[in-house]
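Structures follow.
Note that subunit A is present in both complexes that follow, paired respectively with subunit B and with subunit C.
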Partner chain A sequence: MTRQEIETAISKELNRIAPEIDMDDIDRGEDLREEFDIDSMDFLKLVTALGKIFRVEIPEADYGQIGSFNALADYMAGKVAT
Partner chain B sequence: MPSLGADMEAGTLVEQLVHPGDPVKRGDIIAAVETQKGAIEIEVFEDGILQEWLVDLGTKVPVGAPLAVVQTEGEAQTKAEPVPKVVVPKEDMMVVDYETPTQPKPHAAPQSGDRPRITPAARRRAAQQGIDLTSFHSKGTISLSDIEALGTKPKPAPMSDMRTAIAAAMSRSKREIPHYYLSHTVDLTTADEFITQTNADRAPEDRLLLGAVYAKAIAKALKKYGEFNGHFTDDAFHQSDAVHLGLAINIRSGGLVAPALFDTDSKSLDVLMIAMRDLVERVRAGRFRARELSDATITLTSLGDRGVDQLYGVIYPPQVAIVGLGTPRLLPAIHEGEVTARLTATLTLAADHRVSDGHRGALFLKAIDKYLQRPDTL
Partner chain C sequence: MAYDQIRKSPGTGPASNMADYDLTRATFSWAEAHKSIDGLPNGKLNIAYEAIDRHVAAGHGSQIALRWVAKSGVRTDFTYQDLQDRTNRFANVLRARGINRGDKVYSLLGRVPELYIAALGTLKAGAVFCPLFSAFGPEPIQSRMEIGGANAVITSSRLYKRKLKGIRDSLPELREVFLIDADQEGTTHLAPLMDAASASFDTEPMDPEDTALLHFTSGTTGKPKGVVHVHEAVVAHHTTGRFALDLRPGDIYWCTADPGWVTGTSYGIIAPLTNRVTMIVDEAEFDVNRWYDMLEREAVNVWYTAPTAIRMLMKAGKEAAQSREFRALRFMASVGEPLNPEAVVWGNETFGMPFHDNWWQTETGGIMIANYACMDVKPGSMGKPMPGIDAGIVEVTEDGAKELTEPLAMGELALRPGWPSMMRGYLHEQARYDKCFVDGWYMSGDLAMRDSDGYFWFVGRGNDLIKSAGHLIGPFEVESALMEHAAVAEVGVIGVPDETAGEIVKAYVALKPGNAPSDDLMLELMGHARKRLGPAVAPKEIVFRENLPKTRSGKIMRRLLKARELGLPEGDISTLESDEK
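Right, the complex of A and B next:
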């Protein structure tokens, strides 16, 4: 899975949760939850969905590593590669 | 057409999920109704056979109007004396004596002796256009043409249905309910550690959120402090045995609703969490059940972890209390004689002074605090 495919998949899930937010308008290095205005329930939904799509485990202890869109994409790329 | 909240006066039938002649069971979803708050599923409250629909799809009818006729099983045999039950679920739950602000009422002129005289038509137009009548220095009577001579000021955009519903309920609350407010600082470190531990080896779909712990702690505290759990209707407080905690849920497109999490008191944390996820998901998709809107007995409004320190809620009538939880933060606190960083939040209560007093309110908040310190027992 390429980096582009990973980012597309993440964007798609975020769009499902926050349809009114345009990916072009967000700062990919900033706090993901602020940028997309998502609460803890939305975030849990996102993690649940991504875990299923990529067939990876995302333990709660790793939440600190997926704080921004870029960090989340990096994390997923690392998980998928291993 | 059931009343789905104190602020509702009509709804539009948008789905008929059962055909005439089909059997129905108590609890079946038989229709969907479009209201100010979104599409609401309508349950049937009787076993029987749906005889006929009385309202066509797309038709808007007032609260209380029958939607369909259900023939109960006993009646099916004795057709000579059909006393069909009309589906008006839960109409008795809410007293709808409330005027919604769809027709703006004319502004009352200032109560001074020299207030301007004005024709009714002019007064109405002035109110619609938000024109301040005190700015008139007319000698005679203000007529419609005087108002029109001011030109057509651009009218403010009409409020959305959601905003209208919130405005109606909150105005009624502030007009009728003598609120009092209490605030208490709670240490959430233990609760947070409990969540972290519980979630450590769980898949995301089985993870708990602090919100579930709040909900259960409130429900348990209400067992002892029942005067915060129920409805104030017909000049009297009716305490509820079960706790149906309303969850204030933010809607992305604007506004919020606070549907009920049924039997919060008797559900385990895991079951409660599943129910919360389901409820939030359905609310955000704009789809919930009639009873969820009308039957909440108290409301929890939690700012989550991206909000501010504290909030004082406005009680949703006919409820008599709303509990607020501010955003938890790591703050220096004295714990076991040492200054340490503790996860701290402000717990607040707005309650109805017709039903309870601050003393009991304080005890109620302390009881919630007590349960928050023992999350493993919830």
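Right, the complex of A and C next:
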């Protein structure tokens, strides 16, 4: 899976949770929850959905590493590669 | 009961603020409790004086009042002296900008120090403080500012731009917008004014019945209700903090609630400070490791949190907690919705002590029914009424209200009014307020029962309100926002069970002719609702129906939608005129 494909998949899931947010309007290096206006429940939903799509385990202990869109994409790229 | 009673070790009771529940209850009076606050000359008082000034006057100025942990993890400490200095400056800024006694000062902020300073500085100036939750969208913000008649608001440039700027023209009474971090057209940058202001201020002596706080709560129909609380409420905040949360001077205390909700004000600002504890305030949202770090590293003694957070911690597993040492932890409490017995037991196994569930409402201003340090815990029960609070299980019939005294009888949870933090009204809505009282009882709207030992048990809600992640959400507010979309003909909104959040908001939508249900339209409606309502209120699930069940008068039968969703008996459907399709 290419980096582009990973980002597209994440954007698609984010769009299901916060459809009013335009990907072009957000800062990909900033706090993901704030940029997309998502609460803890939405965040959990996102992580669960991504876990299913990428068929990977995302333990709660790793949530600190996926704080921004870029960090999340990096994390997923690392997971998919291993 | 399926769960064993959690017995307290013999030493727990005598060591806590309330050693013996029955004895305290028998001897308690609010007049006596009033002596635990200092007050101001001539029978006046001010919440902020009890929270800050009296401790500084007594020589505790160097104690840390607030330890703020930024998202980055950086900590900033504010002593009681610092808080006095800054709240005085804020009160002076308000004065200088023409905000006076009785004016309404709102906050729309995340958990940053300015929020706490503004809350207490506003009270010092004799103005009314009204906190708004920063995850609200523009519509809930607008209705709450309109109803309350906001005169000033303190917010950040980001929140202003996203949520306030667009509705400002509809708020004629709003004279002042303070931004904590920038200067924008039509706003006032707070920081330079704070720097220039004097650090001394004579805290405004208030009449005990003067309004101090305005908290909004949702109704099943119509607009949100502005719940009025007065300065006298501080007596209840202080006392309940002492008895129900076992707060002691010098404790490290962490209340995870946001001040945008009543818990985050009564027990996230007022009660901890009047009891002279050190409050931990975390700017960040829930995160398992961060939370365990916080409890361990900050050596938290008393922790007040919510069922949704506890269930998220449970989900992460015991292992995440087992590598930690919570040596300082002494007391844990939970509020927002009933804590399921599994979570109480899990707390006991994981932390070596149970979560102490308690029950209260925005209207009651403070904890009414609780599990106490000195009392055994029955997992799943909300506990027993606070000293000074008379609670009953009441049935209302044509003949009026009748208390049901036989054990386990089900009825509406009701309270005898008269405690200091009881609401004094719904703003501009006398009729709605009057409806809360029947034959000398305040009717809570919750169904409950009392067992033979006097423990109260939550049974269900007596109305259509939704409790999601501990937040009370009115279906009408959500329905109204969806109705604004051009494709929508009718909407019914209910809460559906969710294992983590308790309930989530689900909307049933029927479309106008010419519109076909599709995934794209569903996402469009979701975005529409989120933009207006914000993530805390917007539905998490939207489904389409050809028609919604309605009464003859056209009222959508949420009750029926819910019964069907849950697979429960439909009950009396004699008023059903047009059914769901």
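Here is the rule we use: the second predicted complex is superposed on the first by the 82 of 82 C-alpha atoms of A that agree within 3 Å, B and C clash if a C-alpha of one lies under 4 Å from a C-alpha of the other, contacts with A are read in each partner's own complex, and residues count from 1 in each chain.
In this text, a residue touches a chain if its C-beta (ideal position, glycine included) is under 8 Å from a C-beta of that chain, and two chains touch if they have at least 3 such contacts.
Since the structure is predicted, the reported quantities are computational estimates derived from the model, not experimental observations.
A.B. asks: Where does A:Ile58 make contact in the superposed view: on subunit B (first), on subunit C (second), on both, or on neither?
C.D. replies: A:Ile58 contacts subunit B only, not subunit C.
A.B. asks: Touching A:Asp39, do we find subunit B (first), subunit C (second), both, or neither?
C.D. replies: Touch status of A:Asp39: both partners.
A.B. asks: Between subunit B (first) and subunit C (second), which, if any, makes contact with A:Asp25: first, second, both or neither?
C.D. replies: A:Asp25 contacts neither subunit B nor subunit C.
A.B. asks: Tell me the contact category for A:Thr48 with respect to subunit B and subunit C: first, second, both or neither.
C.D. replies: In the superposition, A:Thr48 contacts subunit B only.
A.B. asks: Contact-wise, after the overlay, does A:Asn15 reach subunit B, subunit C, both or neither (first, second, both, neither)?
C.D. replies: second
A.B. asks: For subunit A, which residues lie in the overlap of the subunit B contacts and the subunit C contacts?
C.D. replies: 18-20, 33, 37, 39-41, 44-45, 60-61
A.B. asks: For subunit C, which residues count as touching subunit A in their complex?
C.D. replies: Interface residues on subunit C, with respect to subunit A: 71, 135, 285-290, 308, 312, 315-316, 320, 468-469, 498, 500-501, 504, 523-524, 526-528, 530-531, 534-536, 540.
A.B. asks: Under the stated contact criterion, what part of subunit B meets subunit A in this complex?
C.D. replies: That would be residues 196, 199-200, 202-205, 207, 209-211, 250, 252-253, 276-277, 280-281, 304-306 of subunit B.
A.B. asks: Which of the residues in subunit A come into contact with subunit B in the complex?
C.D. replies: Those in contact with subunit B are residues 18-20, 33-34, 37, 39-41, 44-45, 47-48, 51, 57-61.
A.B. asks: Where on subunit A does subunit C make contact in their complex?
C.D. replies: Of all residues in subunit A, those touching subunit C are 15-16, 18-21, 31, 33, 37-45, 60-61, 63-64.
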